[in-house]
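Accompanying notes for the structure given below.
Order as written gives the chain letters A, B and C; numbering starts at 1 within each chain.
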Amino acid sequence: MSGALQDWKSQKKPFAAVVTAPVFWLALFFVAPMAIVWLYSFGQNAGPADIEISGTLDNYKRATEWLYVSIFLKSFAVAALTTLLCLIIGFPVAMAITFAAPKWRPWLLLGIMLPFWTNLLIRTYALMALMGSNGYMNKGLGGLWEGASWLRTLVGMQPLEAWTPVQLLYNNFAVVLGLVYVHLPFMVLPLYSALDRLDKSLIEASLDLGAGHFKTFMQIVVPLAAPGIVAGVMITLIPALGAYLTPDLMGGTDSQMIANVIERQFKRANDWPFGAALSFLLIYAMFILIAFQSMRANKVKEA
Amino acid sequence: MFNRTPIAPLEYTRKLWMRSWVGLTMLFLYAPLIVLMVFSFNDSKRNVVWKGFTLKYYEKALNNDSLVEALVNSLTIAALATIVSLVIGALAAVALWRFRFPFKGLVEGTMSLPIIVPEICLGVAFLIFFAKVDWPTDLPWPLNLSAITIAHITFCFPFVAMVVRARLASFNKEEEEAAKDLGATEWQAFRDVLLPHIRPALVAGALLAFTLSLDDFVITFFTSGPDTITFPVKVYSMVRFSVTPEVNAASTILILLTVILTFIALKLQGVKGIAETH
Amino acid sequence: MTQAQQPIIQIRNVSKRFGKVTAVDNISLDILAGEFFVLLGPSGCGKTTLLRMIAGFEMPTEGQIIIDGQDMSLVPPNKRPVNMVFQSYAVFPHMNVTENLNLAQIKVLGRSVDDAKARGLKMLDRVGLMVHKDKFPGQLSGGQQQRVAIARALAMSPKLMLFDEPTSALDPELVGEVLKVMRDLAQGGMTMIVVTHEMGFAREVASKVCFLYEGVVHEEGPPAQIFGDPKQERTRAFLKRIIEAGRL
């Protein structure tokens, strides 16, 4: 594919013209800040505004305390649950878009993408307004409750006691719902692009050979859409694992995720070295996830 | 239509459960936004009952100087970040597409990192970095936005590079060679042959960068000072203190802005083109 | 023959409309067991739509499709005793040749693994691909993949086989091997409905040829008549174009 690559030595001036700015920017405004964080993670507070990089491993040692390990595990569980829900909700949607009539397809895609382009904070806020104790979600539940109560009186039972609004916000449920709400488009788009690439006659061939829709789905569609599923899972899992805003706004005191703990070290707790260590642990966790994925991708390539 | 053709096996989208599923998903995605937009016109402090149409919260929002300032800041940052990201991203894409050079893999890998590294970590990194280098905070507008803008460029330009590089893959190098054969200089060949080819990717990349910048809360939260509030940071603090209809009004303005931008992109590229950039 | 032979496929006043476009317009056809029935016509004439309605991938807007005496117009494809060979082969790329052949036999027909294997290998032998039984589709040429697809359909013991332009995705040098398999099948008595642009092959092997134009049957008859002495102006014009393109 890249047979026509030119060696930089043969065209030094054009090469310098295109490569200098990006490399300079990357080195100064990405690598340098990250390197400082990395160094800080081996440091300790030496004064109110002074950090000494002493090469200590205390910050990492502290991160292995159960309190922090449990928050890491919990963040992972929340992110995994979010990803699973996005996959379950998103797969039929991606299928529907793939097999929609050509004139509808772009509009369905746009329908999925428009929220994706809308400001994250506004979307979170809008969902919160809906879920508040006076919000529509509570009203809907109240309606269902009264319906159930009425049904009970129909069959001669005591009506249920009056509906009291439930607290939908500020708990783990709200965090997962909020993360699903925000990340659903991330899942649908890669699934759609994988399904779109799938040769439809493979599905037809499976039906033609006598398999029903479910068997065809499990034996043909899922294995062949696997790259898209993996891409969707990664693209949802990674940001969900590092989510800050949703648990901060929608979670309760026990819904802290790792990003919230990191933030606290830099603002309220003012323990930058420990925050730096947690940051890098989170980054390493991402790397491990990505390494798993590329190992899997290589395996598929060999087969 | 009473005499409908029966549903063929692959017309999944015509199946009732599938339609309900998509319908409910769309409801889930849009209901909160629509309720928010509708109630921004509601003449009531408490958000749930419709009390009549009013524009007073728009008036309030537009008279709220700090909110307007935050919006202006956000748009300024987004515009600046888009321009610089576009230049750096396009250059990076061309460099990686065109040349073989030492440590290319390293450069390529490092450039994809800002996309992968969690926002919170990037935010923290910029907080420490700007504190460490004593970045001046008392500059006049718009220079006081420089720290935030720099941070935004760092996470925007790799996206631009990705989009442009995908487009470059379909470039026929013989066109460029033909141009040079006809006597064009390196620069002329770039300007007249390569640039027109990547223009759609530049438009897509610009829109992506603009939206990413406008959308960003976490990284800005860590890099903004007391005088450099952006719109998301402002909304965040308003939401934290109390939910007011003003926030609804301001949010509606921003949602409409997003919709308008998306439709401009649509006009320029078609839905398919947009879908492919993601 | 003591009584008139019952057609294996009866197409009764079938129409198919996609929105405002009429792809198939009130077609009626009978196809007898053992026939090699070729559908001809310019692209967009409705021949593929007709074939896909027989397979069950499209539902007719009006009319009936009767297969072996039963009205199957609305029966889903997995419940029909017909099997299709696709233009794009549709061999499952994540399974090797043997798995492609066996899976449906075991899961759908409920054959034992040994029975399925035996029958699968027999069919593979019939299309001359025994040596490739453990390969994946990606390791085979287009012609070989198409022959695997034919063997896979045969293994399901269909009453009728449908071929949707089985050679048009192939490189010219690979067309012959697929046509040879189809010719052998026809000689073995398999009922086949074939959409193809291989005129020479159709002329030689077909028992009946049907020329479609704009969703309507324009001319139907034995190949000698359709190719040698077409009655309709449109058929003549179509054949002339094909001859000029060097396909006859």
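As a convention for this text, contacts are C-beta pairs under 8 Å (C-beta built on N, C-alpha and C of every residue); 3 or more make two chains touch, one makes a residue touch a chain.
The model shown is predicted, which means the values in this text are computed figures rather than measured ones.
Using the contact threshold fixed earlier, the set of chains in contact with both chain B and chain C is A.
A summary of chain positions shows that the Cα centroid lying nearest the centre of all protein Cα atoms is that of chain A.
The interface holding more C-beta pairs in contact, when A-B is weighed against A-C, is A-B. One inter-chain figure worth recording: chain B and chain C are separated by 51 Å, centre to centre, where each centre is the mean of the chain's CA atoms. Rounded to whole angstrom units, the spacing between the C-alpha centres of chain A and chain B is 17.
Here the CA centre of chain A is 47 Å from the CA centre of chain C. Each of residues 56-57, 76-77 in chain C touches at least two other chains. Multi-chain contact residues, meaning those touching two or more other chains, occur in chain B at positions 9-10. Touching two or more other chains at once are residues 204, 207 of chain A. Partner chain C is touched in their complex by these residues of chain A: 199, 201-202, 204-212, 215, 219-220, 223-224. Across the interface of their complex, chain A is touched by residues 9-13, 18-19, 21-22, 25-26, 28-33, 35-36, 39, 46-48, 87-89, 91-92, 94-95, 98-101, 107, 110-111, 113-114, 116-121, 124-129, 132, 150-151, 153-154, 157, 161, 169, 173, 186, 211, 214-215, 217-218, 222, 232, 235-236, 239-240, 243, 247-248, 251, 254-255, 258-259, 261-262, 266, 270-272, 274-276, 278 of chain B.
Only residues 3, 5-10 of chain B touch chain C when the two sit together in their complex. Residues of chain C that touch chain A in their complex: 55-57, 76-79, 82-84, 86-88, 90-94, 103-104, 107-109, 149, 152-153, 156. Listed in rising order, the residues of chain A touching chain B in the complex are 1, 4-8, 11, 13-15, 17-19, 21-23, 25-26, 29-34, 36-37, 40, 89-90, 92-93, 95-97, 99-101, 104, 106-123, 125-130, 132, 134-136, 139, 181, 184-185, 189, 192-193, 200, 203-204, 207, 213, 238-239, 241-242, 244-245, 249, 259, 262-263, 266, 272, 275-276, 279-280, 282-283, 286, 290.
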